[in-house]
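Common to both upcoming complexes is subunit A, partnered first by subunit B, then by subunit C.
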Partner chain A sequence: MSEEAGVVIIGAGVNGLGTAYHLGKMGYDDVVVLDKSYICSGASGRNGGGIRQQWTSEENIKLALESRKMFEKLNEELEQDLEFYQGGYLVLAFDEDESKDFKKNVKLQNSLGVESQYLTPEEAKEIVPELNISDVVAATFNQTDGTIYPFKVVNGYANRVREMGIDIRDHTEVLDIVTEGDEIKKVKTEAGDIKTDTVVNAAGGWSSQIAEMAGAEIPNKPVRHEIMVTEPYKRFLEPMVISFKHGIYFSQSEHGNVVGGMGNPDEEVGVNQTGSLWFMKNFSKTLIDFIPRFSGVNMIRQWAGLYDTTPDAQPILGTVPEVERFYQINGFSGHGFMVSPVVDKVTAELILGKEPSMDIDRLSVDRFEADDFEAEGAVVG
Partner chain B sequence: MVDVGGHMPERRIKDHPVLEFERGNEFYFDYEGKKVKAYEGETIASALYADGLRKFTESKLLERPRGFFCAIGKCSSCIMSVDGVPHTRTCVVLAKEGMKVENQGARPKFPFIEVEKGKRLERDIGIAIVGGGPAGLTAAIIAAEHGADVHLFDEGDKLGGQLVKQTHQFFGSHTEDAGIRGIHIADELIERAQELGVEFHNRSTVLGFYPERTIAVERDNRFEIYNTEGIIYATGAIENFLAFENNDLPGVYGAGGVQTLMNEQGIVPGEKVLMIGSGNVGVIVSYQLIQAGVDVVEVVEALPEIGGYQVHASKLRRAGVPINTRHTIKKALGEEKVEGAIVQKIDENWQPIEGTEREVECDVICIAVGLHPDNEFLRQAGCEMEYIRELGGYVPKRTEDMRTTTERVYVAGDSAGIEEATVAALEGKIAGAALTEEVYGSSKELEKKKEEAKKSLEQMRMGPYGEAPRQGVKMCTVDEEVC
Partner chain C sequence: MTVVICRCEDLTEDDIVEAIEKGYDELETLKRHLRMGMGPCQGKSCIPLAERILCRETGKSPDDIREPTSRPPNKPVPFALLASEEVDDHE
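This part shows the complex of A and B:
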């Protein structure tokens, strides 16, 4: 049996399904979404739900700002409470260098329309009274940042996409992408072949494997990132608190549980999604340093997911030089959820040959051919 | 309607045909500003239950009432704030004089607890056994008999696992232990392990597995780490649940929960019980309820015939308890707690037959629809798992030696598949012997004991009731090379 589809999307995470959603919204439903596991099994079902606009590169600030505005309307569109809580992001600086950068960042962010503020440690403590500020030098805060419940967003997309007549097939692994010259011919899956000339690589931590199948090269590398959740409490923490220096972030969800993660600077490249003792020990210690009252709180689960990392910590979007109509939407490191609305929309526009609503040329894979690409500085973990 | 103590009928069992409850000293603790009576050895949840409390907490999102349910620390339906520590599982913590217990509602306040600063306990040990039921205890005994450094972890205050609540004559068919009550078997095993120098870690919950064979343990609100030479996992089972309207009302209990409350703690669950399920556990617990002076109003069973042993079913019939096959529960009635139930007939295709709904008067609905293995830890340890219906759910692939696909990680008892206590003990013996051989070197005597246990196990599974597990075990047993 040989099937045909206009577009095959690989990966049923927020970006694969978000792209399908925007294609459907634009009236195009000849789409199949494939996932080797269950919906939301990748980073989209394992992340911290953080929505932040306080970035240091112009691209990321623009993507995040536009996406935040789209998230604000998403409840209505998906007819569901997605638990988008705009308690702000409180970013802490622990030395003079960081503090200097923060001033610069705020200026750039303000110039692009993000209303972040530069704060003293005392002002930070007013926002989070439990905070230990003994080593804090400065902070920045942006009220419209916040957190969202990832499962509801992704499943909200999935429900809507199915209503639009788009096919989502979970537990269907892509084994190969067959090309002739620079054209895609078909996608081979464990459940048969699908003829198509257009493929979207939304495979998160597995995206370089998918690119290789099509004979294309992207520099993405999967790196494990760990996270945990505590028992639930009445709300005592309004914003997401984060530190680049410690690689830690934590926030309280609408359910009352505190969700937080931390990067291990020595983490090796590879597909590994198991929890480590290193994280358990070091995260809890760091968390208690930040807010000493956490010493009386139990963690109820820890888990891990993959950051799909790139050399400049910015995503890879658009087509590749080797193969035509092979769209990339990957390489999001630790911030692929918060920018998803706009990148999903733009990807759909590119596929349908429409004028993109935001210019994303700078984010295509060929940027790495230049020697002087600039890295995003505000990466956590 | 809220229950208050005082005028409630006495919930503590005084006279029992087979059990004697030696209650310790009487004392009082504080619940929401009220003095509550307890006896030494009672858990907080039991004492509150005896005092008439039904709603223990609320669900996190919808704020629905939550009551006592599993009684063995698995379900979190009874969490409360105890001496300022929120989310305490009151069913596994003993009541103490002067304790302050509070209803924490759906979400407690961010706690303010003085935690003693100090170095985290981290220890290198020999063999860690997780779970002190019959499987864990026998594994510990054989390993210790052969010189192993054995550490037995159990989250309860008392060892013995589910054996402790079995007051009936054992249903282990042809073994020397048949005819003895579970409670006594447990006591003997505990004593033997103690004599052999097994180190007991009670009130110690094993939280997780990390490479290479490190386990994380929570004890008295502290986090401990043990680096082990090998692990035997024997945490038993979790009760199955049923989907029906209002199934979360306080008063809907698992059969194991009812047994714990009644046989271990000597407290009756209520006055009128509707039993769901007529397997061995359903009929035995029904009979135990009658012995404790509780009215069992009806047993409903979805299958066309009774699943449990006829001996027990006949006892029920003689006591005038109707057993209605091809029936199911449709909904529980009540707002804050169970005040009745609707039962209904079902057809050959398991579909409810309209118009056959009938109201049953009861204050307890006891669910006895089987167990499933408690083995998430093994999944975390990377063991290959397989769904085997005959063994109650997902179980690890294992060799005849009970070794999983993860190096030096063994499994025994209900965690390896739901069977019964004698099987659990034999599996424990095999796993204990095999791991001791692997870590400390093999000996003729160990080898002999292991092979004997394997033979007994085979015999155990020969009878008609052994048919399903025999098939199940066949499906998940793999060769030595695979592991």
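This part shows the complex of A and C:
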């Protein structure tokens, strides 16, 4: 038996379900969303929930700014408290090079409408009184940045999408994508085939595998990133605090738990979602350096997820040269939650042949054919 | 009678049954939806109870219930200790 769907979306994370949501909102419901595991089992259920607009590439700033505005309205749309807390992001500089870059970044961000500010270490300490500023050279701060509870967003979409009549199938792995010439014919799953001519690759850390099934090539590589949570405490931390130099970030959630992560610069490429001793030790040391009071605070849980990385740390969107109607929405390189509202909407618009509400041509996979693509510099972890 | 299942996150049997009816019908999604098992005890007491409720409500046998991934540390540990050299792989 073979069934048919107008659009098959692979991946039930924030981007797969967000795209389904926007398709549904535009009146299109002939969509099936597939996930090999449970809903939100990928990076969407493992991330820090950070929403930041302080980026260094024009593309990322625009995506993040528009998305932040959309997140502000999402509680109402999904009729749920998504715990979006706009306590700002405090970005710390630890040497003169960083502080010079920060000045430039703020200028670019301000010119595009992000109201970030350049701060002295003393001003940073006013925002986080317990911060150890002995090695801090400068900082930037943007009040409208913040954190959100990722699972509520993803499940908010899932509930809405089902109400719209769109089918979400968890525990249904995609095994192959059958093409003829440059056309998609069907998607083979462990539970049978689905005829379709349109596929969305929202498979996060597995996106290169999915592309390969369709005979397309994308340069994405999965890299593990680790994260942890503490016991809940009364709020003592307003903003998310981050450092690019140390690769660390941490913030306090609405429930009082501190959530934080740190990237290992020597991490190898691969699908690995287990925790490591390296992380426990190095994260703890760095955290205590930043805020000595953390010494006595208890970590209760640690886990890992995948960054789906690209050579310029910017996402891959739109179609590919090899196959028609094979839409990419992947390669988020560790910041795919905060830009999801706008990229999901634009992906839905492209699928339906509508004028995209934001120009994303520069984010198509073709860009890597040029030798001079510019990399995003503000990736944490 | 109200039966408390997860003491850390203050969840009753009714909360769990209601969530299962809404479609959060496996441990991983129940955990994330209700924060069940995410308290300081890391679900030591509530997860086995929730497993039983899941079997009862969904008609699945205990073997069909997917075990949630257990995540270290097994008990709350202060950062000062984790940062010290004493931690070994099994902590």
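The working rule: the second predicted complex is superposed on the first by the 381 of 381 C-alpha atoms of A that agree within 3 Å, B and C clash if a C-alpha of one lies under 4 Å from a C-alpha of the other, contacts with A are read in each partner's own complex, and residues count from 1 in each chain.
In this section, a contact is a pair of C-beta atoms (placed from the backbone, for glycine too) under 8 Å apart; a residue touches a chain by one contact, two chains touch by 3 or more.
The model shown is predicted, which means the values in this text are computed figures rather than measured ones.
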On the A-aligned overlay, A:S295 touches which partner chain: subunit B = first, subunit C = second, or both, or neither? both
Once the structures are superposed on A, label A:F151 by its partner contacts, choosing first (subunit B), second (subunit C), both or neither. second
Where does A:Y233 make contact in the superposed view: on subunit B (first), on subunit C (second), on both, or on neither? first
Would you check which partner chain A:I39 touches, where first means subunit B only, second means subunit C only, and both and neither mean what they say? second
Applying the document's definition of touch, where does A:G256 land relative to subunit B and subunit C: first, second, both, or neither? first
Which holds for A:L277: it touches subunit B only (first), subunit C only (second), both, or neither? both
Check whether subunit B or subunit C contacts more residues of subunit A in the superposed model. C
Going by the contact rule set out at the top, does A:L287 touch subunit B (first), subunit C (second), both, or neither? second
Starting from the residues of subunit A touching subunit B, keep only those that also touch subunit C in the other complex, and list them. 231, 255, 275, 277, 280-281, 284, 295-298, 302
Residues of subunit C touching subunit A in their complex? 26, 28-29, 32-33, 35, 38-40, 42, 69, 71-73, 76-80, 82-83, 87-89, 91
Per the touch rule, the subunit A residues reaching subunit B in their complex are 130, 231-234, 236, 255-256, 274-277, 280-281, 284, 293, 295-298, 302
Give every residue of subunit B touching subunit A within the complex, in rising order. 60-61, 85-87, 107-115, 120, 208, 210, 214, 216, 218, 221, 223, 225, 380, 382
Could you list, by residue number, the parts of subunit A that touch subunit C in their complex? 38-41, 45, 151, 155, 229, 231, 255, 275, 277, 280-281, 283-285, 287-288, 294-303
